[in-house]
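Just so it is clear, A, B and C label the chains in written order, and each chain counts residues from 1 on its own.
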Amino acid sequence: MSLTLPLLVIIVLAIVGSFLARRRALSVSGGDIRHLASLPKQHGLNAILSTVVPPLLAIIAWLMAARIMEYRGAAPLWVPLAIMALAVAGVVLSVVKVSNTFRARTASETWIKGLLIGASTIAILTTVGIVFSMLFETISFFRQYPWTEFFFSTNWSPNFRGNSDLGIIPLLWGTLYISFIALAFAVPTGLFAAIYLSEYAGPRIRGIVKPAIEILAGIPTIVYGLFALTTVGPFLRDYFAQPMGFGDSASSVMTAGLVMGIMLIPFVSSLSDDIINAVPQSMRDGSLGLGATKSETIRQVVVPAALPGIVGAVLLAASRAIGETMIVVLGAGAAARISLNPFEAMTTVTVKIVSQLTGDTDFASPETLVAFALGLTLFVITLGLNVLALYIVRRYREQYE
Amino acid sequence: MNAQQDTKISARNVNVYYGEKHAIKDVSVEIADKTVTAFIGPSGCGKSTFLRCINRMNDTIDIARVTGDILIDGEDITDPRVDPVQLRAKVGMVFQKPNPFPKSIYDNVAYGPKIHGLARNKSDLDEIVERALRRGAIWDEVKDRLQEPGTGLSGGQQQRLCIARAVATEPEVLLMDEPCSALDPIATAQVEELIDELRQSYSVVIVTHSMQQAARVSQKTAFFHLGNMVEYGETDRIFTNPEDPRTESYISGRIG
Amino acid sequence: MTKSLYSADARTKRRNAAERRFKAYGAAAIGIAMVALVILLTSVVTQGIGAFRQTYITVDVPLPEAKLDKSGTRDMAVMSKVTTIGYAPLLRDGLVNAIAEAGIQTDLSEKEIGDLISKEAAATVRNRVLAHPDLIGQPERFSLLADGRIDGYFKGRVTMASAALDQNTSPEKLDLADKLRDAGIMQIKFNWAFLTAPDASDQRPEAAGLGVAILGSLYMMIVVLVLALPIGVAASIYLEEFAPKNRWTDVIEVNIANLAAVPSIVYGILGLAIFINFMQFNQSSPLVGGMVLALMTLPTIIISTRAALKAVPPSIRDAALGVGASKMQSVFHHVLPLAAPGILTGTIIGLAQALGETAPLLLIGMVAFVRDYPEAYSSATGLFGDPSTALPVQIYNWTQRADPAFVERAQGAIITLLVFLLIMNTVAIVLRRRFERRW
């Protein structure tokens, strides 16, 4: 028996219940609703909620339970019956309870508050889901592949006939190298852009530049990725890498790093803008009043005062760079390699997660499961950066509130 | 004629506009050297705006526009040749709310001398800092903790630190914008005492919303109302025998 | 006596020079960002605008009954036995006839002339004939897609030199294409099919379109909106209006802020492991894609909704409570309507982010080659359960193809995506302007 019938029954019962509760409320009050503790429509609302919420929760509970017990096929007969019984109980109880003194509003508000609390726990469930989705597969990966090899081997060469080398070090190297170049480009540019906009630019320039930077922020990463692939990569290869003898690969750490840097400029600049604006004007006045120039005021008073916030912003940007996927998939290359040459193709943790999970491979093999271990590592690193950054920024904001 | 009567600042027909708003209307005033001059008046009357003209702090506000001449030692500071940076070293300013930088006490005071290059070496700078802190009447309280952050001091100490910071650049004029409005009575008394001492070396202009304070610390008083300077003269005379009916109303508490 | 204020001393001059340098660094940073934006947009537009124009060959295709309907009864079962292989020679004949009529000289064989027509064109003709069997008997005028190489030649991607090395075309064919164009048989037209047609195989870039991807993205956005908006608003109302200040709500706060910064690919892993492997939802379906994107969008919506709720002054709540409304009533009757424009703006911005997201969709199999338009509901696959692709994933898919014609398609798809994003963001800005309220 499918669950469609119980769903229909619940809806019908809810409508009927709401109607009955209103009718009954009117009749017990003798037609004068001033005798009621709650309005008829609140009795109706209470009936709807009492009828709908418990059986819906029961359906979700059954679906989860069926998956966990790996139960296949249609639900046994008692499940839809139990669900419908819950709905009927809801109708009967809420209609019977209608009286002059029953506070239906309080009752329905309790239901609503419960739903609100439920919605706010989805955020927690998402985090739990993220951790568990990777944890179990990571454990089964480490059953098949020694963790010391994974964390300390400098060799990455998956082989689908088995005997793969799956060391994370070359992937981490590529990730960090690319992120470093991206930040080295984006942090000074974004910071100076923010300083110029908040301290120097007139309203006209601000009116043009701010929306333009917002456009840069709204461009999806796949667009940046294709930009790296078709424009920046060939340009760097033809005008820098080949003439300077650094190699002839269009995909490179430099390509991905530079494009990621462009992507991060608006991120860094809007965060820094907020942070610089949080420094009180009285502090600028104090410095200007002593005869400091604007740049002296910025360098020696504003930036030092804003430093914790700026550090937090840089950490958030680093977390983004490390977790960025499409730009490196299209711009960095697929070869796992540890090298200092920025014009060589290297690869990252995220690229390998994509390539190991999109191939037609056996889901139980270490070559596929390694993606979950990579994902978990990535999650832990970015979580650390995010929490640290959020902590610093929060402390900073409290200081000036 | 004693030194007190030398004119230090002379403003002629000063007008200030904030966008559309005419904030200062045709103000002319002569401010004497080695004197405390008080600007009083109800809030929004333009006294602070006029004060900020004297070291061109209004330059930092995009929509502010100033016309007229302000002469210091006979030189027009609104002249385009005048660099506001150099001007502000000569005309120091203390603000309404104590605003120490988030640096050590020492660095707060040393900031001005450093940017203006007043010290040849470290010991020179140490001397300047000590002298400024002594003039700010706060040396005894902080001499053992010069490396602690200036933001850790009490409100009154912070304001005296800001005064010390202002005098460290060896200004000739000291502008004070309601310097005691954020302080408790005891701290206010200390700062007022300090202002009286500062008169020996500087021309002090103080904006205050407290008539008692103006009477206590100043020799000259100017009364501002709705952007006009209504009356200007010896403090004693203004408070005992005002000429303009508006001044009298304000002093007797009928407007404000 | 002190120095005159009229002349700046050496130190002040040095300091002012430093000031100008510092300001120049700032202007340079702005310049770099602006130049990057301009180069990025120019490269997208110049490389992608061609996708919206396509070369067509307009000829009369003979539709002989002897070949297309041997029974002569217009019986569907008989007619559909003739495959595109049976139609292709008819198209070629039509073109050969047109060349002869126009008096164009060529040394190419009939088979080589046929290569100028896209392999997709036969299917177009066949579908039209099967839909209108009465066309059979007399020649009918068709606009046929030209081969991708010919199209590329007119767009500058293929040159005589590259054609000489290419086994799929030759300089002679390009020469003939030039003559056909002069004769008006070949034209370049606006390419509506790019926005409506499904994807095409590796050999037929000229036929590849975004129809399935746009539909898939639309379905996903519906799922995201239906899931993320109510849950996000409910969570925000609880956290902002009802939640007690304690450890638990602190944990939720930090958690939401962190979720907003979790790499998107991690959400893809979540979708793969939980929704597909554990819950057994269909791979590649807009439902799973939408659920993953909804989880990603949730923090954005929660953060902006809370900001909008916070902006409603407490006096409004007090006023409602003062006339005897319950806390719940004050929120739902007064605070929420006032915060609605802010919530809507945040939701649109969250949807725009979700529309451009690629990485998580790769992991849940949306990168597959899909030619059938997905149904919103079918009894076999349920609601939004048909395999589908999405705009950004289609772009990625095309970048992985060998023929450079697909790069043009990918850039064209980016233009389409950016236009959608522009519309959404404009709507958000207009809403914000229109309903902006200051207390």
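By our rule, a contact is a pair of C-beta atoms (placed from the backbone, for glycine too) under 8 Å apart; a residue touches a chain by one contact, two chains touch by 3 or more.
All values reported here derive from a predicted model rather than from experimental measurement.
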**Request:** Select, from A-B and B-C, the pair of chains that is joined by more C-beta pairs in contact.
**Result:** A-B
**Asked** Which chain is the middle one, judged by CA centres?
**Response** A
**Message:** Centre to centre, using CA atoms, which chain is the farthest one from chain C?
**Reply:** B
**Asked** Cα centroid separation between chain A and chain C, in whole Å?
**Response** 22
**Request:** Please compute the C-alpha centroid of chain A, do the same for chain B, then give the distance between them in whole Å.
**Result:** 52
**Message:** Could you work out how far the Cα centre of chain B sits from that of chain C, in whole Å?
**Reply:** 62
**Message:** If a residue has to touch 2 or more other chains to count, which residues of chain C qualify?
**Reply:** 15-16
**Message:** Residues of chain B that contact two or more other chains, please.
**Reply:** 85-87, 115-116
**Item:** Touching two or more other chains - residues of chain A
**Value:** 293, 296
**Item:** Residues on chain A engaged by chain C in the complex (per definition of touch)
**Value:** 63, 67, 105-106, 109, 112-113, 115-124, 126-127, 129-130, 132-134, 137, 188-193, 195-197, 199-201, 205, 209, 212-213, 215-216, 218-227, 229-231, 262, 265-266, 269, 293-296, 298-299, 316, 319-320, 322-326, 329-330, 350, 353-354, 357-358, 363, 371-372, 375, 378-379, 382-383, 386-387, 390
**Item:** chain C residues within the chain B interface of the complex
**Value:** 2, 4-9, 11-12, 15-16
**Prompt:** Hey, which residues of chain A end up touching chain B in the complex?
**Reply:** 202-203, 280, 282-293, 296, 300-301, 304-305
**Request:** State the interface residues of chain C toward chain A in the complex, per the touch definition above.
**Result:** 15-16, 18-19, 21-23, 25-30, 32-34, 36-37, 39-40, 43-44, 47, 230-232, 234-235, 237-239, 242-243, 251-252, 254-259, 261-270, 272-274, 277-280, 295, 298-299, 302, 326, 328, 352, 355-359, 362-363, 367, 392, 395-396, 399, 407, 410-411, 414, 417-418, 421, 425
**Request:** Note which residues of chain B are touching chain C in the complex, please.
**Result:** 72-73, 75, 77, 79, 81-83, 85-87, 90, 115-117, 172
